[in-house]
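In this document, chain identifiers A, B, C and D correspond to the written order of the chains, with residue numbering beginning at 1 in each.
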Amino acid sequence: MSGQILETRGLSKRFGGVPAVDGVDFRLAEGELRCLIGPNGAGKSTFFKMITGQLRPSGGRVLFRGEDVTGEERHLLAKRGIGIKTQVPSLFDGISVRESLYLAARRFHSPREALRIVDGILAETGLHAVAERRVGELAHGQRQWVELGMVLAREPLLMLLDEPTAGMTPDETAHTAALIGKLRQQRAIIVVEHDMQFVRMIAEGVTVFHQGRILMEAPISEVLGDPRVREVYLGAHSERHA
Amino acid sequence: MSNRASSAGGIVIAALGVAALIGVPYVVELFTLVDVAVYCILSILALSLAFVWGYAGILSFGQSAFFGLGGYAYAMAVINLGESTVPVLAGILVPMIFAALLGYFMIYGRVSDVYLAVITLTVSLILYHLINSTSGPEYTIGRARLGGHNGVPGLPPINVPGNASAPLDYADTFRLSLGALLLVYFTLRAVIASRFGRVLVAIRENELRAELLGYDSRRYKLMAFTLGAGIAGFAGVLFASWGSFIGPSVFGIAFAAQVIVWILVGGLGTLGGAVVGTVLIQYLTTWLGQTKALPAMLGLSKIDPSLVLGIVLILFVLLVPSGILPTLRKLLRSRQAAASA
Amino acid sequence: MTITRRRAIAATSATIAAGLAFPRFAFAQGQAIKLGTIADTSGPLQPFGTQKLQCIQLAVEEINAAGGLLGRKIELVTYDSQSNDQFYAQYAQQIALRDRADVVHAGLQSSSREVIRPILRRANTLYFYNTPYEGGVCDRNAFCTGTTPGQLLANLLPFMIKKFGKKIYVLAADYNFGQLSEKWTRKIAKENGAEVIASEFFPLDVNQFGPTIGKIQAAKPDFIVNTFVGPGHAAFYGQWAGTGMKKEIPIASQTFGEAGEHLRMPQELSEGIFVCYNYFEELDRPANKAFLERFRKKFGDNYGYISDLGMSEYMGVRIWAEAVKKAGSVAREPVIKAIEAGLSLEGPGSTITADPKTHHFVFDMHLAEAKSRKFQILQSFAQVQPTNPDGVCDLIKNPNTNQQFEPKL
Amino acid sequence: MDYAAIFVIQVAYAIASLALISVGLAVIYGMMRVINFAHGEFLMLGGYAVILPVQAGVNVWFAMLVIAPLAVGLFGVVVERIVIRPLYGRVIDTVLATWGLSLLLIGLASAALGYYQEGSKPPLGSVVIGAYRESVYTFFVIGITAAIMLALYVGLKRTRFGLLARGTMQNSAMAAGLGVDTGKVYAATFGLGAALSGLAGGILAPISGVVPVIGATYIAKAFITVISGGATVLAGTASAATLLGAVNQVVTFLSTPVVGEVALLAAAIILLRLLPAGITGRLFRGGI
């Protein structure tokens, strides 16, 4: 058990009777990188929100490093070492990039340490050119980087990344993939992605969500060849266009 | 660059303030001192809301209630004790405790922005109704009667600490008020520049993100709300001492509205704006209470001050939503840019 | 800032002065005498404040037209307190410290009086409170020219008790005026063998009386005594009549008609309400007719009603002017001494005479009933002494007294 | 026993008048998410729209049921166009602008009309209940409030305007895409809320009279009722008015009007702590 950083048991969330996440048993090992895929509305973001305390589960439990953290406050979960980059970037639009990163780093580090971390991240993400600009003025791709940078600055044990490359150019996407590759040396990461190319770039383990449940868990190559997955995607696809 | 400019501004303000503290009582007439003192006191109240609303993002529409609580706490204590040191502290602490309780209720209950605004305003009105119905002799704290609608007249002013027989005279009251204003202004500047203040601004910008980064936003907001209440209470103490009187109208909706107009006119998100807005609007309403010139010009028998306040409020929201100070700064900056181009 | 402010103030005072200047008289050089006043000419108390200010203006104008005082013109300095006691505090400081007024005639509600009285006492500025009130103020710096319970209730209540019975229900405004008036009512009722069976107090913004009307019906009093203040409370009369209780239980009021309510309300609401004041427009006296004529000439016919509220202001200014003449000085001490000599003055409603011990006044009281939108005088009481419970207030013997005495029950 | 009847009638009246003064605010807040701080002054205008015509000889029922809602409703449409529309989506700015409007209207009314309470006797006379008397108008207020709520329910549920309005409020982009003139719908909704406020002010005018600041005595109660009621216009207003009106009047009977009012406000705050989304926040999602 000590090998698991995150475990959920029968985790469920219902909205007005409709299940969005329905009895999910999920395990993630220390240092593991996992991709979550699945059609829109499969429950991936809801799943993330329950892990980070943004939503209170209707049922089931969340264990982080073996401790029950179900329904804990957001800031306490963050304190335990869970960091999240949300689907729509959640940022401090009115303040500068540098200040945003500093506040993220400063929470758990001394001022001197925080400054060092900020400089490192600015260099790593290529944001140093816009470090003094207000976050609200940045282009979409840059905003993604700022949020990613803020999650990194905290140096979490578990990183949840919800569609980190949405709105990025192919170059930026590749850069992100490289960065994630580097990050996984030190921590566990879960990435929600639609871009299969990207998934293939970064991950071996994939969990497929469908209608609030785990459809399958397997290496990427297997998942892509699975007829059920194809049906889920194509089915959902054709439904949307009906 | 802008940082350096603002700290240079700070030094100028500090220097002018100290010069005024020492010099002004010798050059202006007595009444002007009394007048300026009340402007300073009301500016302190405005600063408390400028901080709570502008920096912590808490829509405390009932900020004047803490001012009133401070004034009443001072009044009750000073009538019973005679010496003013403890009453002054009571006037700061009572509103802080009240705000801590109320704030816990609202902030930890995660009441939304607008509801918080309405609840704070309603609490102020509850206090108004409560205090207003305590005219009877049975509502007495020690030797002090709450007085209901009558208010509490004839209060002893603040005295030299430890010496009840040395009450402050008008010049001293002026020095105390201006000194307090400078103290509060620079304290708030320091708070805003500190980590605490920077986190507050981050929470105002995006509470969810701040929490996901591990900051307990509710604790920060509660602390800011409580601090703001203490400052407002301090202003209330000074006000009660200044006029020797505190009455229930400080809890009324009209006074609550005024404080908000001050902030809005001066500019939300600045401290200096709060002072500018207070002085302008307060001057305007006081003047309207005594002028005959303006109504005569317009062919009216008189002008109701609320009419003018209303027009000012609407015009600012529609046309100058960022307030005087930020708008002036912007104009100045764009002119500088044009000049250097 | 300071400079522009001063300029603005200078401009303002100039306008005030210009409005009052009488070109017909060339006044001796020397500064004008400053008479300061603070009146609620906006906000809910406006109907009272306007009347009071107009009476002061008339008195000042008449004195100036007759050559001023001691050869000097009176300059009226006016502030609008906007029905807010907080402004009374501010403007009282202003009048005393900046304007350095020679005398202040101000205050409507007892609460506003208690705000400015200590301020003016500290500043040694002579103060006149010209409003009927709950009585008991004992302060050498202040003169109170309005009626007190010993003059009003002490005549109204025995009449009501004799006519209707011994069970009284009191409805009163919830501040010191109402609170102390209720105490006086209980005291005077007891002295006349009657009893207050219940009392209710209402903040000034209360305008719904449904539950109260229910309670009154349950208590079945012989009559009601009210001390209502302001437009909110005036809604009671309509609700009372709407319930059909108007014909069942009569009302005696300590305040009705003082803002001319009987002129504007439907006649059936005011019919049969009993009051007792020291002045009514209806008083059949030549001096009164002449006064009303002068008032109408200045303010037009459409002014509403002048009650004892306005008349007290007029007489307050007049008796102060008389004292200044007698003293030959506008200074505080000689003026106080001149009044304390038992100064007396004939006015439109009554001769008023100073009571040196209490700094209150003696005058005729009249008991009246509202009939066809007029007050019909039923009975008059000549030269009634002001309230001085157990003679505790004696400013001649104890000039340093500074408190408001309350009735002992 | 008769006293109990009077008690029950007064409690029913308190509930009805609370619903009456809140319903206009509830329509505007519930459908548009605009907090109208000038609501009290809309009631005040409704009152004057009855008192002034009646003085000029107009029939009181015509003034109350036709002139007051029409005049204030039209005024609401103008206000929406000038003050509200430029600020859609800026919740706080709307609050501040309508607060300014509130002060402006108080100032205008006191300049133009002053504070002279005209006073009037409610029409319809009185009835005898055992040893007690009660104004018939009290029953009228209870009855007409029920009628207004019912009419509003039918209007929002069954008419084309109700459908358009509800659709626009839920998704204005979608409604615009379907060819609805959303600007008109907003104006009409605000106008409807204003008209209801005018009607309420008119109905209450014969009882409480009208002065320029009368809005202040209603505004806190109306806010609290609407917010305690929650998201739904009718169910929320009705349930909150019932609860708070009953608390208010029962306490008033037991003590004084002031304590009654404090009890109302305190009950509302406790309620909001327990149910932050209001009474109907959970129960009637998507209802009206």
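Descriptive notes on the structure:
Assume a residue touches a chain if its C-beta (ideal position, glycine included) is under 8 Å from a C-beta of that chain, and two chains touch if they have at least 3 such contacts.
Everything numeric in this text was worked out from a predicted model, so none of it was measured.
Excluding chain B, the assembly's touch network divides into A | C, D. The chains that touch both chain A and chain D are B.
Averaging Cα coordinates per chain and for the whole protein, the chain whose average falls nearest the overall one is B. Annotation: B-C is the more contact-rich of the chain pairs B-C and A-B, by number of C-beta pairs in contact. When every chain is reduced to the mean of its CA atoms, the largest separation from chain C belongs to A.
Averaging Cα coordinates per chain places chain B and chain C 36 Å apart. Averaging C-alpha coordinates per chain places the centre of chain A 76 Å away from that of chain C.
Chain A and chain B have Cα centroids lying 44 Å from one another. One simple way to say how far apart two chains are is to compare their mean CA positions; for chain B and chain D this gives 33 Å. Each of residues 129, 132-133, 302, 304-305 in chain B touches at least two other chains.
Among the residues of chain C, those in touch with two or more other chains are 42, 174, 201, 203. Listed for chain D are residues 110, 216, 256, 258, each touching two or more other chains.
Taken together, the chains touch in the following pairs: A-B, B-C, B-D, C-D.
Residues 35, 83, 86-87, 91-93, 95-97, 99-108, 110-111, 216, 219-220, 223-224, 227, 256, 258-259, 261-262, 265-266, 268-269, 272-273, 276 of chain D are the ones that touch chain B when the two sit in their complex. The touching residues of chain B, when paired with chain C in their complex, are 28-32, 34-36, 38, 129, 132-133, 135-137, 147-151, 153-154, 170, 243-245, 247, 249-250, 254-255, 279, 283, 286-287, 289-293, 296, 302, 304-305.
Those residues of chain D that touch chain C in the complex are listed here as 3, 6-7, 10, 13-14, 17, 110, 114-122, 125-126, 128, 131-135, 137-138, 206-209, 211, 213-214, 216-217, 249, 252-253, 256-258, 260. The touching residues of chain A, counted against chain B in their complex, run 52-54, 73-76, 78-79, 83-84, 86, 90-95, 99-100, 102-104, 106-108, 150, 154. Of all residues in chain C, those touching chain D in their complex are 42-47, 174, 200-203, 205-208, 210-212, 214-215, 217-218, 231-232, 234-235, 237-239, 241-245, 248, 259-261, 264-266, 268-269, 304.
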